[in-house]
Amino acid sequence: MTAPITLSHLLALSGLLFSIGLVGVMTRRNILLILLSLEILLSSANLAFVAFSRSLGDLSGQIMVFFVMVVAAAEVTVGLAIALLISRKAGNLNADELRNLKW
Amino acid sequence: MNPITGILLCPIVGSLILLLVPQRRSNWVRWISTVATGIPVLICMALLIQFPRGHAGYQWVQKIPWIPALGIQYQVGVDGISLTLLLLHVLCGFTGVLISYRIKERVKEYYIFYLLLIGGVAGVFVSLDLFFFYLFYEMAVIPMFPLIGIWGSGDKKYATMKLTLYLTAGAVLALIGLLALYAVSGAHSFDLIFLERYLTQNPIPGHLQKWLFPFLLIGFGVIAPMWPLHSWSPMGHAAAPSAVSMLHAGVLMKLGSYAILRIAVQLLPQGAYTWLPWVALLCIMNIIYGGFVALAQKDMKFLIGYSSSSHMGYVLLGIACLNPVGLNGAVLLMFAHGLMTATAFATVGHVYDQTHTRIISDWGGLARRIPFISTAFIIAAMASSGLPGFANFVSELLVFFGAWNSYRWSALAAVFGIVITAFYMLRAVRTAFFGPLNMRWAELEDAAGFERVPYLILIAALLIVGCWPRFLLEIISSSTGTVLSHLTHLETIAKL
Amino acid sequence: MVAAPWIILFAPALACAAIVLFARNSKPLSATLAIGGLAVSFSFAVYALLQSLHPLAETIESSVSWVNLPGLALEFGLLLDHPSILMSLVVTGVGLMIFIYSVGYMGEERGLPRYFAFLSLFAFSMLGIVLANNFVTLFIFWELVGASSYLLIGFWYERPKAADAGKKAFLVNRIADFGFLIGILMLWNLSGLEGQSRTLNFAELAERLQALVAHGTLSPQLLTAVGLLVFCGVLGKSAQFPLHVWLPDAMEGPTPVSALIHAATMVAAGVYLIARTFFLFWQTPEAMAWVAAIGGFTALFAASLALVEDDIKRVLAYSTLSQLGYMVMALGLGGYVAGIYHLTTHAFFKALLFLGAGSVIHALHTNNIWEMGGLLKKMPVTSITFLIATLALCGIFPLSGFWSKDEILAVAFFRNPLLWVVGTATAGLTAFYMGRVFCVAFLGSARAHSAGHAHESPPVMSVPLMLLTVPTMVAGFIGIPHYLHHGQEAGVHVPFNAIVAGISTLVAMAGLSLAYAVYGRGYQPGIQVQRVLALAAVPLSRKFWVDEVYGWINRNIQQRFADLLSLFERYIIIGLYVNGVAKITGFTGSVLRLAQTGKVQGYAATLLAGLSLLLYLSLR
Amino acid sequence: MIPAGLLALLPELWIGLLFSAILALDLRWKETRSSTMGMLTAVGLMPLFPLLWWQHSSLHPADLLSGMYRLDPMALLFKGIFSASAILVTLMTRELGKTIQRGHGEFYLLLLTATLGMFFAASSANFIMLFVSLELIAITFYVLTAYLQTDLHSLEAGMKYLVLGSLASGLLLYGFAFIYGATGSLQFSKIQEALSHHQASLPVPLLFGLLLALSGILFKVAAVPFQLWVPDVYQGAPTPVTAFLSVGSKAAGILVVFRVLQELFLLQAHQWSPIIAWIAGLTIAYGNLGAIPQTNIKRLLGYSSIGHAGYLLIGIATATTLGSAGTNFYLISYLFTNLAVFLVVTAFSRQTGSDEIRDYAGLSKRSPFLAAAMFIALLSLAGVPPLAGFFGKFLLLMSAVTEGYLPLAIVGAAAVVVSLYYYLLIVYTMYADKPEDPTPIPVSAPVRLALLLCLVAMLGIGIWQGPFLRISLAASFQ
Amino acid sequence: MTAFQMVHPLLFYTLSGLMVVGALGVIFARVPIYAVLSLVITLFGMSALFVALGAYFVAAIQVLVYAGAVLVLFLFVVMLLDMAPEALFRARSRIMMVAGIAFGGIFLWQLVHVTVVIGGRPGLFTKQPVAGTTAAVGKLLFTTYALPFEAASMLLLVGIIGAIVLAKKKL
């Protein structure tokens, strides 16, 4: 517990979060929560960027993080709008029942 | 203008003009089509007369750079082999237009597709560039789809789909072969004339040739049609409207054997030496199998269809011989068989259009009612069974002579094949045209007046060439000689 | 003079073309053209004959190059030597009579122009066989003869029997030609064995074969095989056992056609072929033995079949078979001259017989001899000419048949006594069945209503009959054997042998007498004998079941095989392999689309699965 | 002296201007004038062509605007492709008419932003720029896909696209992060420099980053195994959006693959080339086989577009100039061909309200023009000479064979046959089957014009390949 | 191996623990609101980590945009739709669960693999750390990254237009 924290630690954390996000995307039934899991994905990528930025001594990684947040915000807006419409139309937000288009 | 380009452009321009003709003007459509296919006949006749006898090499070559970066050029021209087949093609195309006067439904569309088909096929025969060769080759396949699909009969959806897909499958396989040829030749050119010269000097290594040859052989063999890749053909013939069957069996099938000869054998002689004996073996299947299956058919068009695939076995056998006699026989047989089968399909179509049945036993005694058509059919049947006087006889004879020393068993099978041919052809004649007239057909109309012209043209051509084969053979042999000189050249290299 | 063979050959061809082009609807014009064409041929044949009689006359050979390729030069060539001159005389002469006769016999037919076109075509083809100087030319006309015979037999194509008969004739011949063509191919190959360019010219082949045999380059077995293959063609055209089945059926054709084709000329082509290729057979005794044996067997076999036949034309057909067997046997025994001699005389009297039969049929509209009777008084010309021809056929002195048949029997007597016995027995049978026909049809009283009202045929028919009687009677005296001997070294020449002639004449007389006794006088043998005869008649009337065997083979082997292949085509090639590929492709598509479950998380999982695989494979 | 950066940015500025103009008009005009607005958008986009041509002929390739913006022939070619597809899609949108119940103006605006995003993507020279522009495209398309608010299909498609698209973005981003970490920069030129040290083989983190980034991009291209969204989204989205997705978005994806693989990682081609070749082969097979049993034309086109993506990847897999040129050429021909098909689909469904293939029965009688256009376009899609689609396939197969990817070439060739099957089934339905409802289908003048243009382009490109090949060659990496 | 002196191991492990727990909460929470709130924990933890790594501006934005705007939006929607927790959890498919965890695991394993490789390569981490202050980042944003910045503004505009066009009942 006292070994110095290296880039690997940060990346491992980021990776763990990313994986949790993936699991969330695949397993959560509610569309909203799938969207929420996607946020974990993006955030974990952000963590990786910041970690790399720190280790490289280069700010462009942090710039990227900024843009990712913008993108995430826009994405969530649109996603929530669509989710809202689906909920109005279909009566629920169950991802498994959203399968009129198939095969 | 270059006469070859003229032949090529006539039908294509014709079809473009047809696009502008109003739908109701059926007669304009017919006349334009007649002219668009008639002019090539005249040009071709003129070329035939002017063709220098005993002169090897391509004549009336026109070369326009097209995509220099890839070594692609528009290059057309004919030698004896292609001129002969071109003649066959324009004859069948022209007579097909005449036969199609009977078509009353969607005339304009029909002729547009038909002329495109004619243009595509003509393109294959005159192209001296592998790219354009392939381009026209596929162009010739596709118009068949609507032609059969719309104006066909019977199980036309299945037939036309199968035909198109099958032929395309062959074509793309051949395309792979062509591209590989391009890649390994190192010549960076699709120019056939150049490649012929170049590959004589710098042949492709033997193991590559052996590996490349099957692509071209099978690819083009599909349309030839080589056993067991033939099953598209009888079905396609059966479902197609008569002019299309004529062109299809008469000319389209020859594209395959022509391509094998022109490209595969000529450019990959070592591959040819390796693989053609196997082809000769398959020919036995083509001939005997095709013949026996024809013997079991109850449907007239299927019968002729299987007969065609059986007879194309002779052509392939002739090519497989790789000697002047066999090759000349093969080319002449392509010509002869084309005319013969076109005649047969034209007659069958004439009857079918009125009876709406092709089952042979449903007909009966038609000779009484429609003597002209019956005579034409009997002539075709006789020609098909190798009766002297018709071009088929002499060409089959040449194939026998050519094959006798190279592939004895195939030659035996081939000779036996004409016995089988006689069996099914005469049985068909007996059942359909002889015997008492089936009273259902008491109102059948014979071909009268102008309608007889196409039959007479085809039969006359068969007879002229059959009685005086030297006329065409001189033209053909000059070019087959060139093909073979590549091979003998190779032999000398191998010996050194 | 070089033009003579060409004119002889092409005059009928031109006539045929002219009829097709200009006289499709005119009976008189078509008849005139056909007869004119053949008359031209005939006159030039006569001219050629006269020329050839000159002691210094040379054989005329003339050819044009038909196919000229490196490795194969085929010529269209004609040869006018003694056998061919004789044969062309026979063909054109007998043919001319038959053509003229046809005007009367077929005058009522709607399709007369067609008929004459076919006849001219046939004459052209037959002359081609006769005049050909090489195998390819001969084969061309060989096939054309088959085709024109097909057309002529099936002239009344609306009659199922006629149509079937035509087909059968063509097919049987085609089977025979399979062997013939292979024989030609082998010969062509042999001709180049010593390095020369290959040839199919008869004269050159003769030289080369001789050289090959002399040098021992050629194995006898191979030569025998070639000989037998060529003989295969003979089997078909000359209707030798076992390919004889088409000839009796061919009687469905118009009677003049039967006379011309199936008596005088076409069937003789096979015999002529042996003669033409005698240089080949002479080198191979094994093949010769087979030829002789088959000839002899056919002679006896066909004669026995004729015993119980009631159809007058069929009797004549079997008789033709039997006589052809004689000729083949003669040639097989080496009796070159004897065979051709008999061929010539047979052409005359058999044509006469057929024309006579035709005359009767024309008058009575029946072929059955048991519906005739008593025609001797009603139709005297026909009857008498028929009688002369019958006697000639039976070999009664001094008619032509006597001389030629005895020449054959003499050859057989010296070369192969067994065959001589067969030949003599056949002569007896011949006399018996001919006597039977004559007695039943012409003697006694009318056996049917129509026979009572018969009238003699018009002159256009009876004059040819009478004209044909002349050669039938005198052909034995004009030195045909001598003419044939000229320039022919090979073969066996046997002088006239009185003993053989006497025996055969006696046997023939006995046969005739027996026939007369039974059918003219109504003599009934004992019950026992009758039983035996009835028993013997069964296989005869069923023609030894040969047709049945062929039919069985046709139906159960050939057609079953075809059906089998057709099923293979349908279920294996199309069903399994073509449609199978298509179905598998389509099925794969239907399976693949199941990946598209519609569940977004499933898609995500698949995406990740793919990615994981990708990562695993790359980062390994 | 105008700075080069500004000159280079002119097309984007022009689109921005157009965007503002439409925005302003949208506020003032009523919904009823939306079709005029569509026309305006289409016409407004046209000056882009001369502009791009001018840039091509007078500006030098360079990295501009602090290295964010890349001006090179490839970017210009792709911008041309984007503009052309945008114009045709705009015309198509006009045909939608009442299908879109509201927000016509905004629809055009979103089309413009998507186009702008594609333009930016084409000119990106930095991963940040690239990411933002890709997301601009993606998010616009999420909205556009779900645009038919009352149609659950459309919403479902939008949501699926959004979820999977975001997942892909996450992967892309993660990949970028590792590339960034391993090379120390997000700037293409610097990355390229850093990568030149790793010629023999890529270190694991880089390869990991590359593969993740690649999957994010291949998702856009719709390559196996990232293709599952395609059929659903294509079917559910409004037809013009499907068309734009299938051409514009896919082209953008291809462009980015080009940028990443052939510009940045060209030296490591031996490492990624087999991977792309496998993906290409599988994609071709999946798309074409899956299309066989389809009955909805949009869904079928979705599958078929997967197949085409596979072909496009062949050129990338070969990593040669010829291959890249082949891909470029293929895209040009695919643009006209596919949009022609979608034009017909739009015109047809406007009248009949159906996208089912069986309803196309007898189209040749109801509208010979539409049927003929569809026929030719489908043939071109299948790759039948002398149409444009053929030569593209020819080039791609040629490059595959030349580079020794023979199995890939055979798969590509075999797929031609399969594709011909399902295309010809449509043709058969149109030409040989009897129509249930024989009323003629009217075709509006702009659509007719656009279709004619596409047809002329298909034939022209197919027959007179030279100039287009030159363009494609010029725009490919040397 | 270059250590990160500014990140104390204790701080790191504490924050990591929080973040992972928060993330797991998103996956496993039965009630949507809890899921959203547990994500807030993760994001706050990450923000703190950012500060520790010297990315001050980004950390601030993280709190403002993510926790402040995005998650609030989520909360609004969750409340607006008033979703019952049971309905959400009950029908979760077992196969998907297994698949998800499996693929997540595989992915993690691969990530760890890569990370280990990176950890063993000291050459990559030689640079001196720079502080991501607002001034430094802002300067970059408005100079070098002006173009993406503009593009991002366009992106937000699309987000706005999209949300309005889609979700607003009456335009």
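Labels for the chains are A, B, C, D and E, by order of writing; each one numbers its residues from 1.
Just so it is clear, contacts are C-beta pairs under 8 Å (C-beta built on N, C-alpha and C of every residue); 3 or more make two chains touch, one makes a residue touch a chain.
Worth saying up front: this structure is predicted, and the values here are computed from it rather than measured.
Identification of common neighbours of chain A and chain B yields C, D. Among the remaining chains, those touching chain C and also chain D are A, B, E.
With centres defined by CA atoms alone, the chain at the far end from chain A is C. Ranked by how close its mean Cα position lies to the mean of all protein Cα atoms, the top chain is B.
By C-beta pair count, the most extensively touching chains are A-E.
For chain B, the chain whose average C-alpha position is most distant is E. Chain centres here are Cα averages; for chain D and chain E they lie 31 Å apart. Between the CA-based centres of chain B and chain C the separation comes to 36 Å, rounded to the whole angstrom. Work out the mean CA point of chain B and of chain E, and you get 70 Å between them.
Chain B and chain D have CA centres that are 42 Å apart.
Multi-chain contact residues, meaning those touching two or more other chains, occur in chain E at positions 96, 99-100, 103, 107, 110, 113-114, 118, 124, 127, 145, 148, 152, 155, 158-159, 162, 166. Residue numbers of chain A whose C-beta contacts span two or more other chains: 7, 18, 21-22, 25-27, 34-35, 51, 55-56, 58, 60, 63, 67, 70-71, 74-75, 78, 82-83, 85, 96, 98-102.
Of all residues in chain C, those touching 2 or more other chains are 593, 596, 598-602, 604-605, 608-609, 611, 615, 619, listed in ascending order.
By the definition of touch given earlier, these chain pairs are in contact: A-C, A-D, A-E, B-C, B-D, C-D, C-E, D-E.
Against chain D, in their complex, chain B makes its touches with residues 66-67, 69-70, 109, 131, 134-136, 138-139, 142, 145-146, 149-150, 156-157, 160-161, 164-165, 168-169, 172-173, 175-176, 179-180, 182-183.
Partner chain B is touched in their complex by these residues of chain C: 65-72, 74, 136, 139-141, 143-144, 147, 150, 154, 157-160, 163-164, 166-167, 170-171, 174-175, 177-178, 181-182, 185, 188-189, 558-559, 561-563, 565-566, 569, 573-574, 577-578, 582.
Chain C makes touch with chain E in their complex at residues 599, 601-602, 605, 608-609, 611-612, 615-616, 619. If you check the complex, the residues on chain A that touch chain D are 7, 18, 21-22, 25, 31, 34-35, 38, 41-42, 44-45, 48-49, 51-52, 55-56, 58, 60-61, 63-64, 67-68, 70-71, 74-75, 78-79, 82-83, 85-86, 89-90, 98-102.
Only residues 1-5, 7-10, 12-13, 16, 19-20, 23-24, 26-27, 32, 35-36, 39, 42-43, 46, 49-50, 53-55, 57-58, 61-62, 65-66, 69-70, 73-74, 77-78, 80-81, 83, 87-89, 91-93, 96-97, 99-101, 103-105, 107-108, 111-112, 114-116, 118-119, 124-125, 127-130, 132, 136-137, 140-141, 145, 148, 152, 155-156, 158-160, 162-163, 166-167 of chain E touch chain A when the two sit together in their complex.
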